[in-house]
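Each structure below appears as structure tokens.
Look for subunit A in each of the two complexes below; its partner is subunit B in the first and subunit C in the second.
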Partner chain A sequence: MIVCFVEDDELSAQAVGFARTLGEVRAVTFAGAYQPAAWAKALAAQEAEAIVAAGSDRGNELLAHVGALLDQPFAANVTAIDGDVVTRVRWGGSLVEEARLHGAPKLLTVAPHVHAPAEFDPEVLEAVDDGSPKVLERVEESSGGVSLRDAKVVVSGGRGVGSSEGFAIIEELAGLLGGAVGCSRVVTSAGWRPHADQVGQTGTKISADLYIACGISGATQHIAGAKGAKKILAINTDPEAPIFASADYAVIGDLHEVVPAISAELRRVRG
Partner chain B sequence: MLVLVCGGIFARRAWFLTGLVRKARPSDRPGTEAERAVAEAEIVLGQRKLLQRLVPGLMHAFIFWGFLVLFPTIVLAAIDVAGGGDHTPVWYRDLADAFAVLVLVGVATAVVIRKIVRPERFRGSHLGEADFILAMIAAVVVTLLLWHHVGGTALAWAHLIVIGAFLAYLPYSKHLHIATAALNVWMARTRKRGRLEPLRFDVPDDELRFGVATIADLTRKEVVDAFSCTECGRCQDACPAYATGKILSPKLVIMGVRDQLFAQSAEPIVGAGVPEEMIWDCVTCGACVEACPVSIEHVDHIVDLRRSRLMVDASFPAEAEPMLRDVERASNPWGKPQTERAAWAAELGVRVLEPGDPAPEYLYWVGCAASFDERAKKSAESTAKLLQAAGVDFAILGPREGCTGDPARRMGNEYVFQAQAEQNVATLNGQGVTKIVASCPHCFNTLANEYGDFGGSYEVLHHTELLAQLVDEGRLAPVAGAGSVTYHDSCYLARHNDVRVQPRKLLNVIGQPVEMERSGKKTFCCGAGGAHMWMEERGTQINVERAKEAAATGAETLAVACPFCTVMLDDGVREVGAELRVADVATLLAESLG
Partner chain C sequence: MVLTADAQALETKHLGFTISPHEECAVEEAVRIGGEVVVLTLGPAEAEEQLRDQMAIGADRGILLKTNGEEWDAQSTAAAIVDAIRAEGPFDLILFGNESADAAGFQVGIRVAHALGLPVVTGLKKIEVQGDRVRCERDVGGARDVVEAPLPAVLTVLEGLNLPRYPSVPGRLRAKSKPLAVVEPARPEQRLEKLRLVVPEGQGKQAEILENAAAVVAVMQSLGVA
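Up next, the complex of A and B:
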């Protein structure tokens, strides 16, 4: 029997699809608040040749707990299995590894988007609340206006903006576009904007349709936070600025002239 | 009676202290006996590290050398009090007197330093204790001089009583270093200075150790480190984090560990003895280790404390989490697609090694920064062009090169580091690589000093070393023209790996070098080490501080040899608005070839 942990989503359907290739599948889920240690305890108690879940954050976390409880190895992001030999994806997809998975039951999660989904009708397992951490409520961070992470347009300022007052033109443009204001690390270090506005690897990762980077040189950390944007427009006086390597559109010029000009043009077009 | 009382008090404490060492876990600091003997001669007898600062160094050397010469006076005075009379030969009496005076000069200098100069490095040290110790030292030599020149058994008694009291007090005070410093120097690493001790995960559960949570987890070297600290504060003075207003003081870390040890505390050291913020402020630059006169290795303590916080408690600065995840999942700290790793090399026609290809003479290990960062890429491009111009047989691994794991390891995530190490060693060994040239000093350090623990032994050069060799051999013929250049030593080259001469050799040929005050082994970090490239910095920024120092030399160019230094100092220079171009030595060399 293969026990497959599922949730009501596409990745779980794919995990079930994969699990069916291994044998008869019992799809199981839990009711109530997510409580990884307690859920894992219930999963670990199931009679199974293998315990499978989707290679999602939750699936990986649960099976890591199960592995620790049973003292068995766990293989994440598996694409195929043949006897003991599992093939799994590592390094963000650039490395495919073949490894031997010893242990009973076999514990594995399934790499996303490799297997066709299958229908399932899960059985709800009981988990005993053992006082371990659980999700009580989800609170979205409110930034007053549009959240940086979900905004369709983000207008960001860097060192070139010059001061906290200098952000007025950035705010104006963001307002006209219905977007959010972001900034680079230099700006938060200088205290011109709060850390919540910082775009980058150590700040917020954005997923906008358009990212307008004004006076930002484009440190790799910054780009790491902006790479989710579909299009990047960079405005910078320095034609050598690294940001241009990642930009779809480039304006080599002073943001203090270019940004108000864009705002003015937007107003004109909109009448 | 005197021997029994003082000796008894001393022995009781010595038994307690040696017990702490015996209970500690074994440590593994590389070095040979011959090298350790040399270290003893230089650091202990020669007082080399103390003499890094002339006046306080001489002050200490006078007292130390004085006491070495004065040792026999204990026996001579004992003979006198036992009724045997004063048998001191005249020549020895004169010699002893001369050194006794030197000791007094030393004590007087110490008093001036402590009472009048009052350097910042003593902040947080026990000052009253130091005063008492100085008074005791003075009493030892004054009673000796009185016995020599006034004479009489009573004065011999006085001399012996003072020494006995000092002996009894010593192991309860920070003056304990006179018993442990030589041992600590012996135990310190004499090679592979940049190597951290690996954690073993393949051992029985009861031997498993995830860094240091409480004193029960300390290694022997860490225990003797704690015993040996005299609170002199030279580490604190050298620390870039302390210098820019962070709460970290390497001295207070060691004192915190020691306080926990002496209190036999079962509490976690972080929290009870060392504030949490301190351990995360560290850039692992090693300036403290370099400055310490008794060879305390502070970085090992800090990384061990981090390991436990990160791996056991999952508590660490949240902003570093994306980096750790990206190293683990994407094998580079920015989460860039590995397929783009060799993009910079495509136009240059650099050979990308495929599985099964014969090994080149040199494998060029590019590193993540020079592969993905726009500013740092220039260094990789220049290095590749230079190697091509010199006709060196080299190739890169391209998408099969993974992060060496250095930032994860220095952050305390030994799991992720070891996974990276095993994968990279498998790739390198599978390819039959024997010689590596690395651009990034952090990769260089890891490949040269740390991969040996995971089955990877290679001859590793930094690109400045190989380029200097090529210039020497006449395979590259650079010409002057770079103007005035100041060179910023990377900590992981200059301090952890002794690479200081070769980059300067190259700069001497192509420009007019101007040195910064803090250079060579005394270099000041750019602020990126110890995973700080991916962490937020509070208050004054280390890179800005360093950029100011570089700008003050008046040089036109700030030469660097590390991609992290490139990025950090380029940012710093922009921040201070200086007219200073930041460029890798390789880039400057490539330009000089025209």
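Up next, the complex of A and C:
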């Protein structure tokens, strides 16, 4: 029996799909306030050949607790499994690792978007409140704009933008497209934009239809956050910039001229 | 990305090393909270440089769990850290990056907390120490979950928690004379045993060059986003 922790989301459906390739699956979930150590205790008590979850914040956290409770190894963000050899994502997806997962039960989470989703009807497990930390309240953030993670279009600026004020033209284009503004890590480190705008391995991973990268060189850590976009358009003066190796469309030019020109053209075609 | 001939590691001949972004924020936060700050890492002798950098921004002393350069899996890393904390502690707060930039195991902090019998809260973007408790916030897509824990506690943090400072020149000079303990733990049998690394295929596209703004807008229209 494979036990699969699920929430009501797409990544859980993918995890169930993956788990079914290993054997018969029992989808399980919990009710009430999120209390990872207590939920993990209930998961660890299940009879299973493998305990699986989505490679989400909660999935990875719960499986790490289960690994600690059972003193077993845990493989995060697995893309494939063959016997006891797993393939897992490292370096934000720039590298994968093949590793032997010893011990039993097998503990793993499933990397996002590697397996087709499957339907599930979860059983609700009882977790005993053991006094461990749990979520006390949820504070909604009034961002006002389109969220970076869910925006259909993200217009991002990098070092090439040059300053905080330089983002005015990026904001204008994003506004015309009903999209969100993003940036690279250089920009947040310089204090030009808040970290909430950062696209990348340690920032937000986007899922836009179009990602427009302006003056961004394209470090692997940045690509790790951008590659969820269906199409990438890169604007850069340097034709050798690594960003072009990840881009579908390229404009070789100075963003300070190209971006306002695109905004003007959009206004023109809209009349 | 280029691998070594045995596919066990990245070829680093032409690369520099740096602390992971999440851990950098963890150290910055510890220095801001105040009190004695100890920085610890597990890695080869060269990792002393990262510990000195962190002492340059304000950590008081360092502990290097020295390896021969081989990678350690999360279980054995956690076990070595637990031994060091037992020997050097107790500590009021034990901070980790939520996941490392390279191995991305998402588990060392949680394993250490269980071994020490401490509460753990992960993925934090805000920490407030209030007397003998800590109030924590984590991002959950457009909202924040609030969690509290009694001290001592283990917390794992994310970049964005703060904006880490750069080491100053006087800070670097002071760091040179701060105490650094070197311990050489034995590497146990690996239970998530790395066999090899692979660079995934499909990295390297041929981008279509767009010559002018009209061509860009035409592409936007074809994608249905204009």
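Assume the second predicted complex is superposed on the first by the 139 of 271 C-alpha atoms of A that agree within 3 Å, B and C clash if a C-alpha of one lies under 4 Å from a C-alpha of the other, contacts with A are read in each partner's own complex, and residues count from 1 in each chain.
Keep in mind that, in the parts below, a residue touches a chain if its C-beta (ideal position, glycine included) is under 8 Å from a C-beta of that chain, and two chains touch if they have at least 3 such contacts.
Note that this is a predicted model, so its numbers are computed, not measured.
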{"item": "First (subunit B), second (subunit C), both or neither touched by A:Ile252", "value": "second"}
{"item": "Partner chain(s) touched by A:Trp91 [first = subunit B, second = subunit C, both, neither]", "value": "both"}
{"item": "Contacts of A:Ala104 with subunit B and subunit C, given as first, second, both or neither", "value": "neither"}
{"item": "When both partners are placed on the shared chain, which of subunit B and subunit C touches more of subunit A", "value": "C"}
{"item": "Which superposed partner A:Arg159 touches (first subunit B, second subunit C, both, neither)", "value": "first"}
{"item": "First (subunit B), second (subunit C), both or neither touched by A:Thr220", "value": "both"}
{"item": "Which of subunit B and subunit C A:Phe74 touches, first, second, both or neither", "value": "second"}
{"item": "Partner chain in contact with A:Thr202 - subunit B first, subunit C second, else both or neither", "value": "both"}
{"item": "Subunit B versus subunit C as contact partner of A:Arg185, first or second or both or neither", "value": "both"}
{"item": "Common ground on subunit A, meaning residues reached by subunit C in one complex and by subunit B in the other", "value": "90-95, 185, 188-189, 195, 201-203, 220-221, 245"}
{"item": "Footprint of subunit C on subunit A - complex, ascending", "value": "34, 36-37, 57, 60-61, 63-65, 67-69, 71-77, 85, 87, 89-103, 109, 132-141, 143, 147, 149, 152-153, 177, 179, 185, 188-189, 191, 195-196, 198, 201-203, 209-210, 220-221, 230-231, 233-234, 244-252, 258, 261-262, 264-266, 269"}
{"item": "Contact set on subunit B toward subunit A in their complex", "value": "319-320, 322-323, 326, 329-331, 334-339, 369, 372-375, 399-400, 402, 423, 533-537, 541, 567, 571, 574-575"}
{"item": "Subunit C to subunit A touching residues, read off their complex", "value": "1, 10, 20-22, 73-75, 78, 99, 101-107, 110-111, 113-115, 119-123, 136-138, 140-149, 153, 158-160, 163, 191-200, 203-205, 207-210, 212-214, 216-217, 219-221, 223-226"}
{"item": "List of subunit A residues in touch with subunit B within their complex", "value": "90-95, 159, 185-186, 188-189, 195, 201-203, 205, 217-221, 223-224, 242, 245"}
